[in-house]
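Structure, as structure tokens:
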């Protein structure tokens, strides 16, 4: 029946959207405020998934290990990002975008192989936590609880981020630094710390995305490559540094992909790219206001 | 000294097949065409200042055009070879026209999305393009179907292409392009049509990338969708960076290093991405002009001190 | 300018440096395979099985020489696989080439080996074109192909009462090949079966809910699920979480294999039908137990199918050279044709007409086991090669 398939695909599309959104919002922040196109973002996401795997195994298959991993993994990734930012990026902010982009690409390569070094090359697999196993039956059709969980997590994070960026002092300073860093610095604020903080938050989000998706995919090398292009495009069409824009972009991307596959299975994956091209032709700076 | 070096190098390259084992002749062909590819990117990024982020698309399209013409359309070889630059030129014109209104990063982004779209189509169109299996065993005319023949063919075409690019760079057009790169406002104010110049530059770069793609099919007899995947575009960019974005021969040297590195180091270690990443990091931090830009600067300083 | 001279010298230096002296007292095998990414879980087994066999072989040597090998990582990309193969043959001067898990890579390398007249042993790629439509004198397939797997599965499924079949799988060559092979032969053996629908998803798909929903609402009797290596675990996970395995029975080639079941531990779905080429716990013959225990002792894990393929390849190579009497590629190939070998799963033969290895295939159902912390296959039926393989005429016809 068409409508049940449609409904099912929509749910799937939306839960994919959640993960895309969480990771993309991290990238959007980094791109919007620090003006770094972070190609390593996908690698950080992958790192989050692998660390989550290790944490769960460390604490055993108990009910709490997943939730612990959900907190610990992003923190570790964020810390790692902190080291990267302090150690490398902070010295290179006045270089051209191209250089920064290539530097993040270099890190993507390094992190990718580090993961291989530490965890080996085999697939890793995590099971969904007990509470969320199984599915709800709606009209006789299964909707896995975990997908429903993801659907609730997404908007929560969106609201949280929006509050953070628009209502807290840090958020306002970060937005100001994105627009005019000299001015912010002239007013006596340590822009460098602002940048560090933003970068760390961005990395945290990437790690969180990885930890969230870990139970429902094969945790494997190559996760970084498959995600990074999608996240990049989402950030572009949403508007750099704009959280709602990223949400919108993720929705567009996730939904066009799911629906595309339903309508034209063979070429389904081109629909999101097509959507991106259309958006960029008419609104090259993105759908919503960007910080640039 | 510069005047006799190039002919010397060319002569060396001519006689290479007589004393190198077959594998190295094959490798040399790959280096030559990759060097052309890197130089074509440098033309538009280094000399033109245009953020061409997805150059690999034109390379891949040239290769696919040639391969498909030979295998699917059974076209005579000459036409198939010529189709490569033709297709790449047209596609770069179209993509260029769509993106030209945007500057810098946005240009790059739109190009990436267009390029990814093309990649996705080729990747999924299994029945026509072979999808992610690619096409292999593409037949070649007798004379160039062996390693040596393919090498000479490549050498001649690359030499001619590099010569043409050299002439363009040093022509009034080339100088105007660099002026636009350095100071667009000023160029506009003296009446230069910036967009037209940039568009022509993009088409030229795309054409030569397509030629490089065609050469790849000649040497390797195969095409794969990975040739136009975004990671390869970044790799070409790295070649330019390594060699020196603003020098003429830098990217060629960068391409040589990367190909050699990939072949020899990649064969012996699982972690060659790690090594590449580390080297790239070092180059970016310490030598932003690329290894060759750096050496050239040293050389210039030396001249200055001696003068 | 000086830099250019510097570079030319570097190039020549590299070339000289890497030109190793070819030592004539070893037999060199070059292995091109994927050692990065998810495929490695399979290919590492091939390599380990191969190495294990070499230890046994090299105690005596072959024609007075030891067998050595070098590996190259093709990163699951056909273009890298091809250039690695070229490097191994043209630069490293290997006697034999071996590899790879990616069918496209295998076919590309096979093409190249035909041109260069180098024997090539395919160890994990399953396209039937390898020994079928694109087969030739210089290629040997040391594992089952999609045609074989389909026929074996069809033989068992034909006896079951199901008639309404749904076909689903990864949308790429392997997926379609397996699905078609199973269903077409099933229909030949049991004309009552009908296909009530199909679904195809992209390779690497992780969310199967919409597809499962679609299938459930169509209410078929049975589902043929054609997922590739990466998709096996993902699909089984989805089946478990949606309860599909309890509602509609389904079959996957390699569904009962250790590589699919072990990562899921006790959470793998039960009652899944599958075929496998090797199970370390079946048959419980002396040879199999020996092999499994030796492998486990050396590598600290149970052997999976890949281990068998690697092990067999090494022993076949050794035996063929012995039979040929000298390290000559053409004589080696002649010796390989029709060669029989005693293996952990009984006697196996490399068929002369198409260079395809003839293996038994095991059909079973997943079930929890008190002995292991992963599921195993139950109600195992073993289908012998002579009972299901396509005939020489059928295979050679595809080559025209």
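Every chain is named by a letter (A, B and C) in the order it is written, and numbering of its residues begins at 1.
Keep in mind that, in the parts below, a residue touches a chain if its C-beta (ideal position, glycine included) is under 8 Å from a C-beta of that chain, and two chains touch if they have at least 3 such contacts.
As the structure is a computational prediction, the values presented were derived from the model and not from experiment.
Asks: Pick out whichever of the two, B-C or A-C, is joined by more C-beta pairs in contact.
Replies: The greater number of contacts lies at A-C.
Asks: Could you pull out the chain whose C-alpha mean position is farthest off from that of subunit A?
Replies: C
Asks: Rounded to a whole Å, what is the gap between the Cα centroids of subunit A and subunit B?
Replies: 32
Asks: If you average the Cα atoms of subunit B and of subunit C to get two centres, how far apart are those centres in Å?
Replies: Computed from C-alpha means, the inter-chain centre distance equals 38 Å.
Asks: Which subunit B residues touch at least two other chains?
Replies: As it turns out, subunit B has residues touching two or more other chains at 126, 270.
Asks: I need the residues of subunit A touching at least two other chains; which ones are they?
Replies: Within subunit A, residues 116, 266, 269 contact more than one other chain.
Asks: Out of subunit C, which residues touch more than one other chain, so two or more?
Replies: 35-36
Asks: Contact residues on subunit B for subunit C in the complex?
Replies: Going through subunit B, the ones touching subunit C are 1-2, 5, 9, 12, 20-24, 26, 126, 131-134, 136-137, 220, 222, 224, 226-227, 249, 253, 256-257, 260, 263-264, 266-267, 270, 292, 295-296, 299.
Asks: For the complex, give me every residue of subunit C touching subunit B.
Replies: 1-5, 7-8, 10-11, 14-15, 18-19, 35-36, 72-73, 77-79, 82-84, 86-87, 90-91, 103-104, 107-108, 111, 172-173
Asks: Enumerate the contact residues on subunit B facing subunit A in the complex.
Replies: 51, 98, 101-102, 104-106, 109-110, 112-114, 116-117, 120-121, 124-126, 230-231, 234, 237-238, 241, 270-271, 273-274, 276-278, 280-281, 284-285, 288
Asks: Which subunit C residues qualify as touching subunit A in the complex?
Replies: Within the complex, subunit C contacts subunit A at residues 35-38, 40-41, 44, 171, 199-202, 204, 206-207, 209-210, 212-214, 216-217, 230, 233-234, 237-238, 241-244, 263-265, 267.
Asks: Subunit C touches which residues of subunit A in the complex?
Replies: 1, 4-5, 8-9, 11-12, 15-16, 116, 121-125, 127-128, 133-135, 140-144, 146-147, 213, 216-218, 220-222, 226, 258, 261-262, 265-266, 268-269
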